[in-house]
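Letters A, B, C and D mark the chains in the order given here, with residues in each chain numbered from 1 onward.
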Amino acid sequence: MGSGDDFVIAGEAFGSRLILGTGGARNHAVLDEAIRESGTGLVTVALRRIDPNAPGTLLDVIEKAGVRVLPNTAGCYTAVEAVKLAHLAREAFDTNWIKLEVIGDEDTLLPDAVELVSAAQTLVDDGFTVLPYTTDDPVLARRLADLGCAAVMPLGAPIGSGMGIRNPYNIALIRETVNVPVILDAGIGTASDAALAMELGCDGVLLASAVTRAERPKEMAAAMRHAVIAGRLAYRAGRIARRLYATASSPLEGMPQW
Amino acid sequence: MGSGDDFVIAGEAFGSRLILGTGGARNHAVLDEAIRESGTGLVTVALRRIDPNAPGTLLDVIEKAGVRVLPNTAGCYTAVEAVKLAHLAREAFDTNWIKLEVIGDEDTLLPDAVELVSAAQTLVDDGFTVLPYTTDDPVLARRLADLGCAAVMPLGAPIGSGMGIRNPYNIALIRETVNVPVILDAGIGTASDAALAMELGCDGVLLASAVTRAERPKEMAAAMRHAVIAGRLAYRAGRIARRLYATASSPLEGMPQW
Amino acid sequence: MGSGDDFVIAGEAFGSRLILGTGGARNHAVLDEAIRESGTGLVTVALRRIDPNAPGTLLDVIEKAGVRVLPNTAGCYTAVEAVKLAHLAREAFDTNWIKLEVIGDEDTLLPDAVELVSAAQTLVDDGFTVLPYTTDDPVLARRLADLGCAAVMPLGAPIGSGMGIRNPYNIALIRETVNVPVILDAGIGTASDAALAMELGCDGVLLASAVTRAERPKEMAAAMRHAVIAGRLAYRAGRIARRLYATASSPLEGMPQW
Amino acid sequence: MGSGDDFVIAGEAFGSRLILGTGGARNHAVLDEAIRESGTGLVTVALRRIDPNAPGTLLDVIEKAGVRVLPNTAGCYTAVEAVKLAHLAREAFDTNWIKLEVIGDEDTLLPDAVELVSAAQTLVDDGFTVLPYTTDDPVLARRLADLGCAAVMPLGAPIGSGMGIRNPYNIALIRETVNVPVILDAGIGTASDAALAMELGCDGVLLASAVTRAERPKEMAAAMRHAVIAGRLAYRAGRIARRLYATASSPLEGMPQW
């Protein structure tokens, strides 16, 4: 992307605007390829699913790939659980960065707004750099940003659904509302979804299943790398207005339309 | 894209699946940059708008960039006009390739199905390699393919509208229906539109205004280069199914959904 | 709907803007109920599927319900076939009204633009009142209107698909383009689809499967009656502008958005 | 709708599934007509905007129309404010029903999830029948239902936006998630939006601007009456499956698609 357009979270710059999740990969070799092809510099792992001290594990794969680890609290259903797990993660991974997930429903894996705010407040107070997985509610996003989260990570659609961005208007509203990075998290199914996220003004995209569960994860990882670059470039390039047809007098002013 | 995935039209292979139109560029320097950043190998020009023999013109720009010229019949409203212009183009450009446009409405610039078929038939009979700009009607597309067109070029939305792909189902149906290349032509507004075209199975994308009229054409040209690669990779990678949520028992089988 | 808003086709006024197709009904009793609940005054039947002279048939049902019959050429794949069938229908039903279908693909049952125009021209010349089933192509619609068709009947989606109106922009463009009635034909799946058709400016809606193949055809027929009235009233009432939010300064000017 | 399909909130049955808001009406005569044409049995008023004891006011209009009043807490930005206003409303209107609004942003008027839950809990504990205006978040909706709210009222889009239902999937998820009535509140722009809400399984629809600010409020009120009936009938009638085309082997199983 060149200078002048770094992706900065909590003062740290990343060369790629893509964050990769690890859930769903068939094996470590596949994950290794996906990480490398995606060009990501940040990979999130569920503390619940790994033993940080075991050899030959997920963490070895990530370490060899030279990317940063972002532990997450996947699987937590209450603020208390999530806070406890975040503290374990801080010790295990020697990082105070935490992707905060507090789930409110075991089928849809949608976040629980009330518990999320509570956990985020506690973790910010405890000195964590908190990146909360949240709904696409602009008011909730602002609340999370205002209490000190380092970024907000609204969903496009439920985790693993591949449904893309169901309500682009809300994502655009969130981008207008908060001053921290906005990272689209959950719902991405294919490359155009990731490009759209960036065109809506998101600073980054987090995805897992779209790559790890694709028929050919390596190719999809490459697709996502290009898609995020494409969407970011398009966002900065200033797209043409939408019109019913080119000679129509009135462009559609003031807002995107999906 | 690597070996095994060439973009082949009428036996000729191209390294890029992006075709660039020239209308709307502020000046030749901008167009030159756009062509180079886009990575395209094929550029379409309206015979009506240029004098092939004049020095310092559009054609010089294209020639220096080392890309192939695809003359088009933009501005024609009848088969007779279009056929006549195609013959002039063959002499002027020393190519029997022609992007066939027969417009049926001066406001929307939508194609006229009846005149288009008539012109295509004549030009195929006259030995042209015909690439017709058509509606997104699968039956019309098959008719054009069956009469010998080298590709079909359905619209996503009206020329210059930037409205994207209004009816993705029809584009997917066209891809299932014909055996020649399908090139999405008209309507692309931004990078995610181009990626979506490729994900729907299109073999290539043609766009002009989206780049030439963007605030920063060079950046948008680069965005489109990445978007087309991303969409093609994603198409080949085999995306995950869409589900209402990940643990839902029934994926949405048998078709894409937009 | 009260005075001042009759639905007029070729000089004949109808009290309902809903036209019902008969394909797919389980039996005559179900169809009878559906006709009555729908409030329709015009029912279309495929000449291919009925024997006009047989007793106890579809036609008896329609006659008893006191609604007009509109014969159609369903099942024809060429202009010649369709014209021949139209003439048979004229004799059998003693009407020169014909719903003209010329199908171009046996899977999707999409119309064939070229054969359709040819058949329409012949039938208009032969003195028929022609109501052609067409694609959602505004240029084709205008061509059909210009050659003397009494209405144009663009599809929302393929026959029997229940996919609704895939490209509302084209339907709105058709409404702006022709001066004859526009009747949305094919694709309607549920009540909101029918309401949307009317809100787009359609003068009427034709549907069959949505009612005849619903779990409870009688209730769905009633739903469609209300939906068409609702959509027409809303169209005439002048809806509020769409805005990103109420206090946003710029409404979305100049066009509908779907 | 006839027997067997009453709209019941907190044990009270209503003949219409439409709830009308009063904001935006030009004058009392217009509002009176709108109430009567809409067929509603329940009208919501903002305590902030009226003086319950003044003669010749909004309340007189409602009383004469013979419909029930549902006071709301529009304009409140904290739980404390909303609770206080609800108590005033209880005294003024002699009802313990309250439409609870706790706004989190003065531009979009979106609800504040955290304050909303807090206020709802307090009001339920205080013996109110609470109908909360909420986001389209299924987890938040369940939380509100679980703490004792008599219904949940998710938004389709921001108040007054006329944008319709931006995320139909979430509304459908909410309907599956809670056991209390789901009332679509905010965002309705035209009749098809209201029909869609009902088809998604909502038990009722609340709207104001769509009627009061339409060019002809009376006609739009009638449109909404028909639309809600149409959508409800269609929901109960069991719509046909969506298929890419009628002869396609696989319907889209297991979920709606928008």
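Keep in mind that, in the parts below, a residue touches a chain if its C-beta (ideal position, glycine included) is under 8 Å from a C-beta of that chain, and two chains touch if they have at least 3 such contacts.
Remember, predicted model here, so these are calculated numbers, not experimental data.
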Which one of the chains is farthest from chain D, going by Cα centres?
-> B
Rounded to the nearest whole Å, what is the centre-to-centre distance of chain B and chain C, using the mean of the C-alpha atoms as each centre?
-> 33
Between chain B and chain D, tell me the centre distance in angstrom, where each centre is the average of that chain's C-alpha atoms.
-> 47
Of all residues in chain D, the ones touching two or more other chains | 108, 163, 169, 173, 243-245, 248
Graph class of chain-chain contacts, one of line, ring, star, complete, other | complete
Spell out the residues on chain B that touch chain A in their complex, using ranges where they run on.
-> 106-109, 158-163, 189-196, 199, 209-210, 213-220, 222-227, 229-234, 236-248
Please name which positions on chain C make contact with chain A in the complex.
-> 169, 173, 244, 248-255, 257
As the complex stands, chain D meets chain A at residues 104-105, 108, 110-114, 117, 135, 137-140, 142-143, 157, 163, 166-167, 169-170, 173, 177
